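Presented sequentially are two complexes of chain A, the first with chain B as partner and the second with chain C.
Moving on, here comes the complex of A and B:
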């Protein structure tokens, strides 16, 4: 199990990247942008090659390309990064901004409460719905044994 | 704290690249870089523009005066590998030309691949193109009609003899970018300095 001190940050970065852009924007609306703000890397969209492997021991192969938008921002001395799937620049900017603000100890608790927790619940709800839908379409296969 | 780089990475580096091409094609002629991004000391903003334009994860950069913040800045914005020793570098940034290593330390390429040589970005005090008879060195070679006069301030006394010694090894050699403030002048390996 990963016990590195960056685990918490990795988890919130992952959550911000997977969140719904509209929900993230709504949650971030309540926070005034930091006074000292500089965009180190303005949002830019590009492609990443996804690699996959079959099973745990198969040879890695190029699975396909995915559109990714990345962004880095410095806010009040903290540097926030974001990589989000898709081409939504605003999503990447907000996620980077939230990452920077979460590293600020004075802001951390409020953002955790008002941004991260609602997004986590929304993500869990979406996952739950998807798995329910999938479960409803489950088909059981029985082998018909021919009688003697 | 970290500084930003080019505001518009694609367009700004394209404009800078065009200027670098022109400066290499017309050696010893000072030009003005169109955009200079912020840069942490000891990297000059003009040198930073060149590094951001020419370097990426496939090139290695050697800093004469390694500095933690400058290295972090370069790694983040250009994604470069930093070379530990000057002979491994594709690009070398000379921030204090008065105490720079000898020119023959740097990679000159080999006969099969002369392009596997180092390019030096040298931050000097001033670059001028003085009128004839007002000092400066005379240069000749491809891209120069007759001769060109260029004065580079801040080099140590051994610099030009060391460069002249490399000239015999053409097509091997190293290419030079001089920067001062927003000014740029290039001396590719084919440009000869005329004595006297």
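Moving on, here comes the complex of A and C:
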């Protein structure tokens, strides 16, 4: 699998997919849609078969499916793709649009600053809170020292 | 003899209307919203997703409402719906070692790196009905989050190589029961797919039987963890992997005694369970049954129902089982008429020759 040249793109595509759709919509609201816009592949919901591993680390096995919505768009010459978990077509459309706009050198920095970074901070904040709440239920064992 | 089997069309139409009316209940009460089901009946949603074999909280909530809370009916609805969707591909194997843990306990090791984290569990409730539930107090978060990486307990604590290990190996393409029918003997990956889709009640009973002596399992819960795991796919259009979101999973690693055999030294062996959402009972049952079904591989005496893969895997699926059991209420008029006339013939023959031995019934003549 080729990752290094595409690492930045993989990271923003992952973040767009992991983001809350309403927050993504709000962040994208401030951008005028590209003048030359065509939906190459309108949002379509289908399935991926999830794979687990035997014992967590062994041979793969087919675990069960997950709904995924994919979408492709051409915007001012850039082709944007999205694959997002679930059946939310708007989420996939916005993620594909953001992917296309992020590949445009003129727009990249502003989208990175006004869409990607706020979404990343929101995601990290939610994950941190969930983890600290779970940590509140961590068991602290006391060792009782037996007298002589 | 001719038996009328047509003519129920009007009755069926009225029956469907009665069903819709009964499902809705008192129209003076507001209809349940899907978001309420998803948020407040999350464990039911998890079960419908797991056995419906489709991770989608909205669809599972819709199925539960349409099925009026009948979980097996909701599972059937979800299974039927998934056949209408195209398959885009297979995910990369889920990496449960990088789970964002919300619960993690071990019944075998007290001091595990990262600690024991209880999370939301019914384990310490007193099972007293609460007639006046007040709004819950908000949980005060700890000052520090849990470690971002929580390695699996069994991978960490096996410095002495007394617990069997699983290597990824050659990552052979696993059998897919949604594409090809089950055949025997089924390998472990196929068995795990079957158990993952299997009915929780059936697997719970099977797992319980192994503890009661129908397969000598002597299990310990090595680790149970629940939390969020990223789903990664590698679409052809991209050629690199991306996350498409996260899902909640419960994983159970059982440890079982093993006396040694088939060239394997005495050691602890492992059973594995994985379930969508918070599905601890299902994951534990699955792990116990998975281990019992490894009897042939480990050269153990096989005598108990839970060790018989043809028995377990053929009867685990609630959609198949409820279909076959419930089909009995559909018209069998012709079959039954045939048996009835056979019995009448036999009875007539017997009364004609009262001193002879009774004739055997069907099948032997």
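The working rule: the second predicted complex is superposed on the first by the 132 of 148 C-alpha atoms of A that agree within 3 Å, B and C clash if a C-alpha of one lies under 4 Å from a C-alpha of the other, contacts with A are read in each partner's own complex, and residues count from 1 in each chain.
Here, a contact is a pair of C-beta atoms (placed from the backbone, for glycine too) under 8 Å apart; a residue touches a chain by one contact, two chains touch by 3 or more.
Note that the structure is predicted; figures quoted are calculated from it, not measured.
Assess the superposed three-chain arrangement around chain A: do chain B and chain C clash, or do they fit?
fit
If we overlay the two complexes on their shared chain A, which of chain B and chain C does A:67 touch? Say first, second, both or neither.
The second partner, chain C, only.
Under the stated touch criterion, which partner chain does A:107 make contact with: chain B (first), chain C (second), both, or neither?
Neither partner.
Mind computing the angle chain B to chain A to chain C from the CA centres, in steps of 10 degrees?
The three centres form an angle at chain A of 80 degrees.
Quick check for you: in the superposed arrangement, does A:42 touch first (chain B), second (chain C), both or neither?
A:42 sits against chain B, while chain C stays out of touch.
Please determine whether it is chain B or chain C that touches the greater number of chain A residues.
Here the partner covering more residues of chain A is C.
Between chain B (first) and chain C (second), which, if any, makes contact with A:133: first, second, both or neither?
second
Report, in whole Å, the shortest distance between any C-alpha atom of chain B and any C-alpha atom of chain C after the two complexes are superposed.
6
Show me the chain A residues, by the header's touch rule, that chain B contacts in one structure and chain C contacts in the other.
Residues 44, 72, which sit in both footprints.
Per the contact definition, I'd like the list of chain C residues that touch chain A in the complex.
For chain C paired with chain A, touching residues are 49-50, 53-56, 58-59, 82, 85-94, 96-97, 100-103, 110-111, 115-119, 139-146, 152, 155, 165-169, 171-172, 174-178, 188-190, 192-193, 196-197, 227-228, 230-231, 233-235, 237-247, 251, 253, 270, 272, 274, 276.
Going by the contact rule set out above, which residues of chain B touch chain A in the complex?
1-5, 7-9, 76-77
Sort out for me which residues of chain A touch chain B in the complex.
38-42, 44, 72, 74, 77, 79
Okay, in this complex, where on chain A does chain C touch?
Contact set of chain A toward chain C: 1-3, 6, 9-10, 13-14, 17-18, 44-68, 70, 72, 81, 83-87, 127-139, 141.
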